[in-house]
Amino acid sequence: MPQRPRIRTVEPLTFVLVHGSWADVTFWDGVAAGLRKLGHHVYVPEYPGHGAMTDKKVTHAQISRAIADDMIHNNVHQAVLVGHSFGGSVIQKTAELVPDRIKRLVFLDAFVLKDGESVSDEFPPDVRSMFEALRKSSADDTIMLPYPVFRETFVNLAGQDLVNRLYSRISPEPAAPLFEKLDLKTYYSLTIPKSYIYLIEDNVFPQGSNEFGWHPHMSSRLGLFRLLKGFGDHMTTAATEPMKLAYLIYSAGRD
Amino acid sequence: MPQRPRIRTVEPLTFVLVHGSWADVTFWDGVAAGLRKLGHHVYVPEYPGHGAMTDKKVTHAQISRAIADDMIHNNVHQAVLVGHSFGGSVIQKTAELVPDRIKRLVFLDAFVLKDGESVSDEFPPDVRSMFEALRKSSADDTIMLPYPVFRETFVNLAGQDLVNRLYSRISPEPAAPLFEKLDLKTYYSLTIPKSYIYLIEDNVFPQGSNEFGWHPHMSSRLGLFRLLKGFGDHMTTAATEPMKLAYLIYSAGRD
Amino acid sequence: MPQRPRIRTVEPLTFVLVHGSWADVTFWDGVAAGLRKLGHHVYVPEYPGHGAMTDKKVTHAQISRAIADDMIHNNVHQAVLVGHSFGGSVIQKTAELVPDRIKRLVFLDAFVLKDGESVSDEFPPDVRSMFEALRKSSADDTIMLPYPVFRETFVNLAGQDLVNRLYSRISPEPAAPLFEKLDLKTYYSLTIPKSYIYLIEDNVFPQGSNEFGWHPHMSSRLGLFRLLKGFGDHMTTAATEPMKLAYLIYSAGRD
């Protein structure tokens, strides 16, 4: 964090970290440790179809329900609810379920869907076609991320060892939640404060497009929001610069 | 400034720093000290309706006149005239008044207006409506910046203490100069060199829009210009990283 | 490179560095030294109309042929072929000539032309008019880069001494290769992996435009590609931060 003041945090916050597709709770390992080091409480809930919850037959509603239930179970209040990538759509729906437990929503290179959209509606046509073909060819309605796409656009900043380590952890993603149209009318009636963190080397979607992309395309749907940026890509930065990302997330989440 | 060589400056320049709306000369305190440390001469003129000049009934012409008069009074020549935010429109008009005293114009996340425009013409519709309503509801034709707008988009990078300190200094902004259409024909006939500094986390206006925003939307009106960028937002960076900003301003202003 | 892990490279690569217009092989001096320090093999071929090859009457085909011949002569295989600026169009054509010797193409603020385009087709209208006028007024069909354009948009980050040193090295650029329409059908049939490095203060072309510019306008023609970014401009960064640029090029070129 060379551009940022290295102040110690004085306001202990409660973070709930929601990972994205082709990922599991280990995505947040370094960042969670970093936030705890800064004095915060951190929850990293599992959700269906990912990590330890291996049944791939899941719906988007089951996923957001799992996050909300985890918050209820742990008696979490005043949460800074953070979603990465697909996790953005999850925190939108979770906010509908437990709005009173959430202090702020933080989107990290994450989907912000319009009412009635599916995650896949935000895929550029070539990506969408590729994923639809992979979905069709799978036996269990999942999509495995092809290595070249992962290497070039998800972990563009990573060295070979890290690429291999991260790719070996990936398991096929349940397809249905990516293609479900989501009713977000309640979400758009909520007044929870929002932040967006954009890592400027994230090339999962075309940059500078009016039609696609994290920022400003999807971030602009947040209304009034707090923006933070850093160098970084979609999945390397959490592994290689967890303290920097932790500080960005803290800066996004504080009052 | 980790990405930049830490050279000592060898060319003493004269800087005139013009602050923006909801600000006063203290905005530049750290930056002015930084520039002086680098060996430069620095003037930070007061202007009507702001800081010590508390009468809020002012025109845009009175403001640019005050800057020009200050330069004349102090016998300033070869000035690098720097405008922040609203100050961009001020240095455009000041350049018309004392072109021979100015070596270069430097815009820091600042308005560059077209001939015939007002500052408010560059507000996105929702911002414009909000400010028009606030103007109407004021007793003295001023606009007070709402706290949430300040916190989320003017000082997105700041911690709570700094936010509070900076917000407590703010007084209502005279509305008239923001809504005056400015004749800038003379400005557009001048051949003074120009620079633009863009702090990439400045989210006062939507980023990546063709219709609104500091860079590239307004910067592109400068014709041939020198661009510099850094991490930073609209009003935090001058307070927390004054030496970095001083070096950017020096880099923008040198020959 | 403060944002990047300072790891030592473990995979020795072979880089072929192709400079751009108004430049010669000395453009790469620091970067080549940096890559060698990281353990890599580096070739920096001369090409017609530039540097030691002073005859200005050249074609685009002669330039790409010279690069390909240099690779053949040096028995280069598995090359990471890097093009800067105009050099981007050169590596596109070189890839057609010796595809089997190339492991990856890396574009550094470089032209990526569509089939049938000339480099000048990517100039904004005012730049194109200026260069056409300069071409006409030259005795030997060359274009000398005007000092103000160089200073403000090619080396915006440089101090005066460096600007002078770099500008004094510049000789007029052969015009013909910039205006030749290039058949790139073979290039677009190749499946060589590609990377794009974008230095975010490069202001040679308007930023954020849908019609012009390095990234995302021209980079988006690469199909699936690996993106890297850093602070930096068109011609200063190679001189002042060669190790940072070497590491970006390594990151762009590795498997």
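All chains are identified by letter, namely A, B and C, in their written order; residue positions are counted from 1 within each chain.
Simple rule for what comes next: a contact is a pair of C-beta atoms (placed from the backbone, for glycine too) under 8 Å apart; a residue touches a chain by one contact, two chains touch by 3 or more.
Since this is a predicted model, take the numbers as computed values, not measurements.
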| said: subunit A and subunit C share one sequence, so how far apart are they rotationally when you fit their Cα atoms? Give it in degrees, rounded to a multiple of 5. | reply: 120
| request: List the interface residue numbers of subunit A and of subunit B, divide the shared ones by all numbers used, and answer same when the ratio is over half, different when under half. | output: different
| remark: Chain-centre distance (mean CA atoms) for subunit A and subunit B, in whole Å, is 36
| Multi-partner residues of subunit B (each touching 2 or more other chains) | 2, 200, 208, 230
| message | Under the definition above, what is the set of subunit C residues touching subunit B in their complex? | response | 2, 148-149, 151-153, 156-157, 159-160, 200-201, 203, 206-210, 230-233, 240-241, 244
| Inside the complex, what are the residues of subunit A that reach subunit B? | 2-5, 7, 11, 193, 200, 208, 215-217, 220, 224-230, 251, 254-255
